[in-house]
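Each structure below appears as structure tokens.
Both of the next two complexes hold chain A, though its partner changes from chain B to chain C.
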Partner chain A sequence: MSIKGAAFRVAFAAGLRPWRSHRSAFPVPYWLLSPSVVPLVVIVFIPMVFAIYISLTALNQNTIGNWTQAPFVGLKHYLDGLDPRGPLAPSFYTSIKASVIFSVATTLFIHTIGVGAALLLNGNLRGRTFIRAVMLLPYIIPTFVNGILWRLVFMTDTGIADQIQAALHLGPRDTFWLIGPRSLWALILADVWASWPFIYLMALAALQTIPADVYDAARIDGATPIRIFRRITLPLIAPTLGLGIALSTINHFNNFALPYVMFGPTPPDEVNVLPLNIYVNSFITFNLGLGAAMSVVALVIMLTPAVLYLRAARVGDAD
Partner chain B sequence: MARLLENSVTRRRFLQVAGMGAAASVAVPGFLEACAQSANAPSTGSPKPATLSLYVAKDTARPQAQAQLFDMIKAQFEKENPGSSFTYDTYASAGEETTKLETASAAQEGPDIFEFGSTLVPTAYATGSFEVFTNDMWNHIGGKSIFFPPQLTMSGPSPDKLIAVPVSGNPWAMVHNKAMLQAAGISKVPTTWNDFIDAAKAMTNGTDRWGTAMAPADGFDPWHKIWLFATQMGGQLMDSTGKKGLLDSNESVEACAFWLDWMAKHKIAARQDAAFKGADEVRAFATGKIGFSVMAGPGGIGTWDNSPVAGQYEYTLGPTIPYGMSSLPSGGKPAQGFVSGQYYTLFKYSKNQELALNLLKVVVSPEIQYQYFNLRKQQPVVLDTFKKYPELKQGNWAALYDAALKAYPTPFFAAWGPLEVELGKAINKIASQIGISGSYTMTDLKSALTQVNQELQATL
Partner chain C sequence: MAIAASIRLRDFSGWWRYIVALGYLAFVLAPFFYMALVALQTDSGAGNGDFLPTQPQWKNFSRIWETVDLGLYLRNSLIVSTSTGAIASLLALGAAYVVARFRFPFRNTFRISLLATQTVPGILLLLPLFVIYIIIQHAIQVRIVGTYWGLVLTYMTFALPFAIWLLSVYVKSLPVELEEQAMVDGANRFRVIRHVTLPLALPGIAVTFVFSFLLAWNDILFASVLTSPETKTLGPGLQYFVSESFSIPYWNLLMAASLVVAVPAMILFLIVQRYIVAGLAAGSIKG
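Up next is the complex of A and B:
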């Protein structure tokens, strides 16, 4: 008897059925999933398929009235943007670079601030509830209001940023924050201010799931606060922080409203992030085919942190 | 149901059903839309009472005046068309305007009437989603001859293919601060760019008083100025076929350099202007900080009349002789500005086209046109209005009237939109350099213009 045959016999003896029978015995979950699968297909997958199709066509102002007949141009838009010799490559790569720097830097800063704030407010602190509520304020302010506020802060000469800088003798009063290389810092600062409470909330929730007796045991054993943080707190909140990093990277990479409000449709290169570039191509210059191609590339880039997180967290594994 | 749950449903079966569902979700709306279209054919009889929908530009400077004007239009329209009325929705940015245009064109469903700015009319024409006006349609609203002639040049690619009815004008002229000019000992408004630079230098103290201002970070201002200077030099930003960008031509480079030199070389504009948008320039003039504002439309009047410069400013025609020249070069045009204003178009898929024409007739009546001036400080576009209301050609409005007569149309190309964006990118980049370092090189400027022209070319 072969080893495979023996395995089947053992399985039958244990009351288990082979895979084929197992499959047909569980139809119900599929039907139960369908109420969420159908909207997902209609809202996400069909538009995604359309976007891929559009990226292969010359859909623009001349063809949008009859968009199903837009001429097929194959990979032209992808080559224009991705081929280093392509006419749109400088703009495209500049945007990818801007988006990556912006999303990584913002994610780094908001995690440092968010975790720090959560650690601070996880203990017994007077007025903790009030402080927690105040800390959420930046997060609930609408993005476009946030953009306008920070644009005013960074106005050359008259903005608060320049005035504080000049008062503290850190730099001249006519420093440009909304144009040139500093515009990236202006954008990062504005976004960090608005989004760190998201990580703070996640970290605080994770911290509150750690049983107090774990800390008590560590203290009895003589562990220092730094050692407790490194060996107990950080490992236990790491899965939550991993999710935070993945979501934050994706959210900031896709942030359109803030850079648009702060810098408009012709931003400096440093903050010409991919969503802004896609918007300008699609909705200002009517080059929808190119905009769709850039969106598909952005999707592929964004799959990277998502896949890394799923692999790290082993989401979907039964065990 | 129990049988359904009990019966085995394989993955294959599940995917088959889901696939059919997905296909149906795509096909059914298309089918329904096709059915609806056949019912959308324009009526040839007298229009049935209905409520029209309009999509118009928001008057961000005077929203109340806009609401008041629409109330007047509605009262008149409802009086002339018993049982009918209209509603309107507004857009506050070019992005909203184009997004709505795209979605309506793709879905073949949208408002009965769209309002567009003059430079978006070619794009609207290219979509094929708007009704080309026949002579009967023009006659229905009073005929083509009732309009200020230059305005019709942006209504369509040729006189027999007009899609847009002018409703208000936005002429470009130069405005100056009379007190600053007088204090600098200048008695005559400059007519050449050499004189302009000299006068602006005389008004500049380098700290809180400047000859002029710039708005290179604006989405539109850069192409306005570069088009003006290039046109006066005899150049074009795009060739006559609309298939070749000329942003890197000698005239374009010279035009850009002349404008950027206001900050970098002549120092008649503050370095801080590098981050300015159009509204910042209007504010700078309102505070008495700058002497000239070049290519200013009537939009600033409302702000300036309620500012320290009220009664102290004057519109005139701007200089037309290029810098360093004593007369116009060969091919150069004495342009003051381009034909600019707002237009109403009739959506091709509207079920209420005839009624919409009745509304357009009300909007272009001299009485309502006067209210565009009276309430919203915009220039009317119907000739009878100027005859009936003399104040439309008096004071500052006299110069604006002259400027409107001398306006040149921009090429009627749908690719003008991308051109505006690309040129803005190059100007923004070099202006940033000037703002930060105080200077730029011609090599950098040429390189930036070559790059954006290449990008523009890829979209043509």
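Up next is the complex of A and C:
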């Protein structure tokens, strides 16, 4: 049993070992595959194609009553949003910027915290089982509750953040956390707190595939803990972290619920992330065509981390 | 000598790790502590942002059941989330088995599109999916929107890509010889999976169950469109505590309810916890 990398790299690279050709003596049981493929086509693929079509039409509050007849406008919505001189460009680019900053910062923090916790709890520690269970708690708090919780924490003057800050003389009690530039930090903290256990779980699983004798040998050879981490641990968990980074960048970029609950439909610019902007355009001003076009742009942006990951994991090279 | 050295070196990790562990515990638990404090406030105290409740309102924990139909939402969420977890895991096991054990046309396309599916923003699908459900409803005269199974179908499908990934790796790490032996003994494919693969893949299935369960448990976006008053889940249901229908938002009751409804999910986590780590770890072994 070779230990070569971890969970999700292998998930893709699983085909790298020589294929067991004798299995092909049996017919492929498509009946096992179709119960997954059919819903994926009907519930993800067709709506996606449909959404791309909507993005090319002027589907809005005037045409929604007779939506099959919504006029075709081609790439108008894309040009409206993307043309730097266009009327919608400021709001659109603000949102793209907010989303990128939010998703990159969150990904960075949850990986630092998650890998740290995994390293800590992979070793011998009294009460390890208990601590491992507690670490997962934020993950089961519904997103809506999490948003409300942090909104209460960051409420101006009455929130605990302002009260602590005032008590420690770090800042005035009437500091605004939910309006203005600080709102980005409030959002990042709320999201980091709720989502780091996912990375912790993945990192812990990856660490557990490294046999203890590798470490023992390294220690006996006199390697320092930092050297062991850099030369043994990090390379072995890097594939898992790669997938974690890709998935987390995508998921946080697409996170609608948390910013919506914390800031509502009229958020400050700093946290006017793309999904919020899309929601407002689609379901409040009912410019569904424009909303769909912005969603497609979001999708294209998010293909970047996905493609980078696929290239790094070299999926499909071998089989 | 080597053993003595390794024991000594392991112990050297030392006390500072407990300090770090305490830091983590504080980071995780402080917000829960705050939730509990808010939950025990009076209605006005919670609104004013008082820190310590002057008089702990334990009766808030019984008021939550009367103020909104929390029992119904909790029941609906448990039904929908558990079904989502179970069905997604079983379907994913079938698909993962085929991906792990067979070559077929578009196999790589299928695997890559699983990752691509993750990049689709949920909000992009919301309206088209709703319209498609309505069209299907008219075509086959079966209600989808507002039913349990409409919700389960939706969440299950969103959970499938991740579940198939994880389980295909897992199945691949299982020895193929056991299955071949069973086939030689005359078992058909279904029996092989049911009696050989499934028991061996249980840890992996526990992981996919929890991920799919949480996907359904945490959703607001699709739940707010696809539920009826009878099938309303916790996501939209909890929002009633702070909705316009009351004279003031009941922050205290919202927090009390959130703590209470976290308990079933927590029990589930504790039960499958031992499998989670084992399952994720086994998924990463290249066998």
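Here are some notes:
Definition applied: the second predicted complex is superposed on the first by the 282 of 319 C-alpha atoms of A that agree within 3 Å, B and C clash if a C-alpha of one lies under 4 Å from a C-alpha of the other, contacts with A are read in each partner's own complex, and residues count from 1 in each chain.
Simple rule for what comes next: contacts are C-beta pairs under 8 Å (C-beta built on N, C-alpha and C of every residue); 3 or more make two chains touch, one makes a residue touch a chain.
Since this is a predicted model, take the numbers as computed values, not measurements.
Once the two complexes are overlaid on the shared chain, A:Val28 sits against chain B and chain C alike. In the superposition on chain A, A:Asp216 makes contact with chain C only, while chain B stays out of contact range.
In the superposed model, A:Ala105 makes contact with neither chain B nor chain C. With both structures placed on the common chain, the touch criterion links A:Met155 to chain B and to chain C. Of the two partner chains, neither chain B nor chain C is touched by A:Leu308.
By the touch criterion defined above, A:Leu290 reaches chain B but does not reach chain C.
By the document's definition of touching, neither partner reaches A:Leu82: not chain B, not chain C.
A simple residue count on chain A separates chain B from chain C, and the partner touching more is C. When the two structures are aligned on the shared chain, A:Pro138 is found in touch with chain C, with no touch to chain B. Once the two complexes are laid over each other on the shared chain, residue contacts for A:Pro265 go to chain B alone; chain C is not touched. Of the residues of chain A, those at positions 23-24, 28, 30, 37, 42, 46, 67, 155, 157, 279, 288 touch chain B in one of the two structures and chain C in the other. Of all the residues in chain A, the ones that touch chain B in their complex are 23-25, 27-28, 30-31, 34, 37-38, 41-42, 45-46, 60-62, 64-67, 80, 86-88, 90-91, 155-157, 174, 176, 178-180, 264-269, 279-280, 283-288, 290. For chain B in complex with chain A, the residues that touch the partner chain are 4-5, 7-11, 14, 18, 21-22, 25-26, 94-95, 98-99, 102, 105-106, 108, 123, 126-129, 217-219, 271-272, 274-275, 277, 414, 417-418, 421, 424-425, 428-429, 431-433, 435-436, 451, 454-455, 457-459. Against chain A, the residues of chain C that register as touching in their complex are 2, 5-6, 9-10, 13, 17-18, 20-21, 24-25, 27-29, 31-32, 34-35, 38, 48-49, 51, 91-92, 94-95, 97-104, 107-108, 110-112, 115-129, 131-132, 153-154, 156-158, 160-161, 164-166, 168-169, 172, 176, 183, 189, 193, 214, 217-221, 234-235, 238-239, 242, 251, 254-255, 258, 261-262, 265-266, 269-270, 273, 276-277, 279-281, 283-287. Interface of chain A with chain C (complex): residues 1-8, 10-12, 14, 17, 19-20, 23-24, 26, 28-30, 32-33, 35-37, 39-40, 42-44, 46-48, 50-51, 54, 67, 113, 116-117, 120-121, 123-127, 131-145, 148-150, 152-153, 155, 157-160, 163, 193, 201-202, 204-206, 208-209, 216, 219-220, 240, 246-247, 250-251, 254, 256-257, 260-261, 274-275, 278-279, 282, 288, 291-292, 295-296, 298-299, 302-303, 306, 309-310, 315-316, 319.
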